[in-house]
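Each of the two complexes below includes chain A, the first together with chain B, the second together with chain C.
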Partner chain A sequence: MNDFSKILELKNITKKFPGNLALKNTNFKAISGEIHALLGANGAGKSTLMNVLGGNIRMDDGEILINNSEINIKNPRDAALSKIAFVHQELSILPTMSVAENIFINKFPKRNAIFIDKKKIKEESKIILNKLGCNFSPGSTCEFLSTGEQQMVEIGRALAEDPDIIIFDEPTSSLTNNEKEKLFDVINNLKKENKVIIYISHFLDEVFRISDKLSIMRNGENVLTGYTNEFQVNDIIKAMLGSVKKIDKTKKNKSDKKVLLDVNNLNLENVLKNINFKIYEGEILGICGLLGSGRTELFRALIGLDKINSGKIKLNLSNEFFEIKPKKLHNYVGYVTEDRRNEGLWLNMSIIKNISISFLDIIANALGFINKKLELSYVNNSISNIDIKYTNENQNVDTLSGGNQQKVVFTRWIASDPLLFFLDEPTRGLDVNAKIDVLKISTEIVKNKKSVLIISSEYEDLIKICDRLLIMKRGEIINEISEKITEDKILMEISS
Partner chain B sequence: MLKLKIINNGFYIVILMAVLYFSITAKYFLSLENLFSMLHSLSPIVVISLGMALVILMGKIDISVGSIAFLSVTIGVLLITKYELNYYLAFLISMFIGMILGAINGFFIVILKINPLITTLGTMFTFRGVALQLTNASVINLPDSIRVIGNLSIGPVFIDTIIMFIFLYALHLIHLNTTFGRHVNAIGSKSIIANTLGINEDKITFLCFIASGFLASVGGILSLLQVGLLSGYLGQGLEFTAVAVVVVGGISLFGGRGKIIPGVLAGAFVFELVRNGLNHIGANPYAYKLITGVIIFVAMYADALKKDIKTN
Partner chain C sequence: MKFQKNILIIIPTLIILVLLIILYLEAPNFFRIRNLTNILVQSSALGILAIGMCVVFITGGIDLSLPSNMAFGAIIGSNYIVNSGDPIIGSIIMIICCLLIGCLNGIAVSYLNMTPFVVTLATMTMLGGTNVWITNSRSVSNFPEIFFDIFSAKIFNVPISILIMFFLMIFMSFLLNSTKYGRNLYYVGINSKASSSSRINVKLVIFLSYLISGIMAGITAIILTARLGSASANMGSDGVVLDIVSACVVGGISIYGGIGKPYGAILGAIFITLISNSLNQLGISYFMNLIIKGLVIIIFIATDNFIRKTNE
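What follows is the complex of A and B.
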């Protein structure tokens, strides 16, 4: 058990990304034997700062010091050499390989120059697993473990190199309550071993429960630091959001309260539990929740991309309610996926082709030949309502900017005239103007008695356009905000 | 879990069924002599499949192995017949050529970043074309002294069977017990993550294709020695047999799954068993194609099932 303390200091760290100053002269300090929480809204810079420490990103300026001597971290190996370990939010487990192999994948103990020491790997894995309170064997294949167990393996991998500084990035978002408790035990034990522990989290209750100190980041700066027990929840939220902003609503007037879609008891084993909700005609219903809460999975299940275990869906068609199967519902839904470059567009095809795909049956004759003139006129008609910046309809979509590409995806779906739109993170990666355009399109869509279901992690966007908001957590809808949606309310719900 | 165990060891079931069937229907099938004869016959394909297994474990594929075998062996044979080079030296050069041809594949795949299937499809035709050009597509007989080597045995066990087992065991050890082998598995398991973890996918890919080329040439030499002459058909279609052997043996085409022992041996044994058995009962030669087709189909289906079972 080593006695000597380590003081970790990050001084004046600056990091610029194209169009975004992510870290502005950021300062951060943490010491051994303490759990130091790092908080902040999306984009505040907490992950960026820690990624600089972990060697995944290189800073533009600044210093990193351990016990007053400067260290140079250019890549994850350098970080490991400085005894820094990073447990990422997204697991990097090799699924077909065993627990022991995953733990030692970066540095296999060797028996001699050629062969790895399997016995030692097994023994050391057992020791690490015991420390983590895990009861699965080192020989288990990782793909058969639960997310929580896999996360323990990932922590095991971090511990295998005997680090002094450990960073946990949103470690509990995909864990069950039992797994969370186990994790807290592990982290507390590491604290007793005098490690420096940095804990990034959205969940205020966890932060209050296990952290000794906390730092809050906003807009790339560390705005508040101190002992956790000296803070109130409100102080923290205020520091995270800055002054309360007057948000300019681009919302439209209230809709007719006619139900368009009614979902009852939707269940998908291990993914969605007891989903019940309604959408009204002309309504924009928002869905928010953290990574792993099941939002995208909900969309996929509703339109039959993943098979559900139970549940009833009813759709209002010409003023009558019909029970409908997910695969059939798909015919009435325009689904704008999360990942437009991979799932939404054919990048090397023209704007026209990307749009007309949704109404080929109308413009093709009995033999399947497409009437090009008709195609062009329909496409132009669809585009005319949406301001897409392009030179020529025949240019390939990969030549368009992100925002314009997103508009092309929208245009395609609008052209197919569905009853419902499922938008999954539609403003991701877009600049401010493009974001506003996309949000405007969404509010235009619902003018014709269509409804929009929108998933977003950009709470500002949700506040701007949603009539109601559903909060999801671990596959369930835990709450609904139907009046005066504010960022405070959202954060409160999410962190509960 | 039981389902997975059955799928992973399916080849044992097929082997058992085949052995039972042929023992009953064919007179001299179930004998030690026949067993050694089968092991002798499958030695070349096992060695070639070892190279294929390595590449497939990494999540890639090499369909030029048959042509690499042919070209490297052709050069060796020409050195012996035209230039009267010492046999061992000539075959050593063949193996070296195999490595170079593998490196050529590696170059296209790693440096030029061309898809492995397309690359090896191209080299499959090119290498064979070069070899046919060198021999003018004629058959070359080997001097008698060499032909004897092909069927040498120590007691009932053939020499090439022993060579096969040596390579089999060596590759098995390399796959399971070296950092290199574990990294091959990691890349096949999920290459994005392997890269994030700092594993050098390019370097390992290059080495695996060189190994595949080397093993293809060794297998080619074994095949040549068994037949006793060099024909334009040496190695033709072998690449597909090798893939079939690997998949039937439980090594997944998706990468990162499977073991070399028993996988490659069992996979080759299944096909050899069927061929040998059908031969013994005097079956229609097209029956072999049909049955192997069914076996391959079932193996591919099982492989796809394996991938789905894991999502618990």
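What follows is the complex of A and C.
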């Protein structure tokens, strides 16, 4: 289709976010007819770089060149005009619209310059779907398609504008093996059509299988570029981590060997598969995995916020094991949610009310009347153990900083004296000091034979505080790291 | 911040003051004690219904079936009273009928996940039809004297319906402010996701809010039947819903959930009744009256939105 070779060059791209330099004079070069993998640990800057190319983020400095002529990308529209297409990791399908409408959403062909040419979008969608090896009809409604099929629609949307450069951001994270194979065929076909293909992935096996070249980013810089077959897995992980820094454990004492919670064969259709693990008293157990690996879903399933299909949970209550239903287990768990503002706090309510919710039963009498004096003293008492900066207990929590808001959430659950804490990305979006505080609190709460189950994408944090780590992938626990947790071990487990 | 919160109270107060001054100059009859008491009596039915709506609003829902539910209870209970001559059992029947309808609304909204607006619109329509069908469009009257002796009585010269309204206001304020259930209403209304991850039984809280609104409809059924001396399908005309929603909105109860107090509902109800009554006194037509009420709602929702935006 397009016989002309294209060379894409990003030169000296710099992007500053408040508080950190995301890209430092980054250079990147890809040519048509090659699949170029882009690798890097979390926060290395690969997504930022590709979002600059896709027009979602404006760079502060640098040049983007196609065949040596500079192009100007200010927004996704500009990127599309320069024939750059971006297949995002998270699906942006409009569920109630048809496949054809979803494919042409960016640019509907018009009839008489006014009406959408429905016949044309159906016919052209059919051609695109054939190319992708899909056998569903362009008229079907997207919400009835599987995730893999929706991903194909998403790719179809990218192809509809006949791009020369296609960026795939973690395209396989929600696909089954069959769908993955199909996707690789599609990508190989695009390669034969002489497109520039950039492939972001955490999975090294995929990278070795499909890519011709690879670039590795670290701390906003492109540290290594070369032909994929010249590298070993170890080289790549080393390049991703740089000089391995020593991370000191914040947690000192070891946990007991007394099991607190025993989870057996937990299943949730399409989400969790045969989850088995134990937590010991006084233990901090980390859960590691990529987006879509089922980490948050595991938390929600364990405490009955999502219904499980099968599985047994046993809890050790004063030295006796009881089988317990997830809804009941919720009563023994303090759950710090991932999305603090939308799922963890009542922003326009006072600090008192945000904390006392967890122990209303204790301060209310038989008729449900709340003793407000008791409430205030309980709240003050629990805040005194945690350093929250506030002026007045009646202040709304939305006036607090992110770190202090997170401390309010912790205070709430500590005050309710649960057996277990579930922490989902507790340090996300916090500044360095607040992060340290939160990690310190997390190690202190296990002192009284409580246990902590923590999800984090910041491996450094996990290494600092966890006794053991569970690695999750596609809804399964695939491995456990119990001794000498290091960043390269984690990366190795997750990527392979 | 403080000022923004208070603006919802300040605006109605200002409007009332202006209205009172005009009335003082143009229609001095308005200020007779009898007319003032009359306004409170008229507000009482609206006020109690508005308290019910207030509770549902706080959870983020709406109960459009309140007036038709009230009329339904009134008609069934009145039929019993007329046939048996027992006003006490009859009144209890009124409350139970309304409670059952509230229960249906609650199950549909919370346990069957249906949209409150649509569910209660459907209940409203069905009950409206049922009411006309049962009564053949005639009103049920000829109550025994004892019924009026009880519910039209005056204590220290204050009509009992006013006392019931203020009693309910105080009782519900206690419930909402100082009990666990009351807290839960606000928690659910402001952030239902956070509530369910904090062990609140969100479905139960929402279900109960429709029960409360049903009970309020039942109590209103009794005092309104006693005041009118009859029960009819007309009691729950569609215009009443508009008045209830206006009263709540004027009283600072947010239709988006999480914000509102029972005294706001009562103030709003008095405000709405006052507008109707005073416009009447000034000789302004019923239809103009409707236009003004509609405008008032729009103005208040606009200020509510504005305050939310500036808060963010």
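Going forward, the second predicted complex is superposed on the first by the 491 of 496 C-alpha atoms of A that agree within 3 Å, B and C clash if a C-alpha of one lies under 4 Å from a C-alpha of the other, contacts with A are read in each partner's own complex, and residues count from 1 in each chain.
Keep in mind that, in the parts below, a residue touches a chain if its C-beta (ideal position, glycine included) is under 8 Å from a C-beta of that chain, and two chains touch if they have at least 3 such contacts.
Please read these numbers as outputs of a predicted model, since none were measured by experiment.
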{"item": "When chain B and chain C are modelled together on chain A, clash or fit", "value": "clash"}
{"item": "Which superposed partner A:Ala364 touches (first chain B, second chain C, both, neither)", "value": "second"}
{"item": "Touched partner set for A:Phe115, first chain B, second chain C, both or neither", "value": "first"}
{"item": "Chain B versus chain C as contact partner of A:Ser92, first or second or both or neither", "value": "first"}
{"item": "Touched partner set for A:Arg77, first chain B, second chain C, both or neither", "value": "first"}
{"item": "Which of chain B and chain C A:Leu317 touches, first, second, both or neither", "value": "neither"}
{"item": "Partner chain in contact with A:Asn106 - chain B first, chain C second, else both or neither", "value": "first"}
{"item": "First (chain B), second (chain C), both or neither touched by A:Phe144", "value": "first"}
{"item": "First (chain B), second (chain C), both or neither touched by A:Ile127", "value": "neither"}
{"item": "Chain B and chain C contact sites that coincide on chain A, given as residue numbers", "value": "none"}
{"item": "Residues of chain B touching chain A in the complex", "value": "1, 173, 177-179, 182, 185-186, 188-190, 193-194, 196-199, 256-257, 310, 312"}
{"item": "Chain C-touching residues of chain A, taken from the complex the two chains share", "value": "303, 305, 330-331, 335, 337, 342-349, 353, 357-358, 360-361, 364, 367-370, 372, 412"}
{"item": "Interface residues, chain C side, partner chain A - complex", "value": "174, 178-181, 183, 186-187, 190-191, 193-194, 196-200, 258, 311"}
{"item": "Residues on chain A engaged by chain B in the complex (per definition of touch)", "value": "75-77, 92-97, 101, 105-106, 108, 110, 114-116, 118, 143-144, 146, 270"}
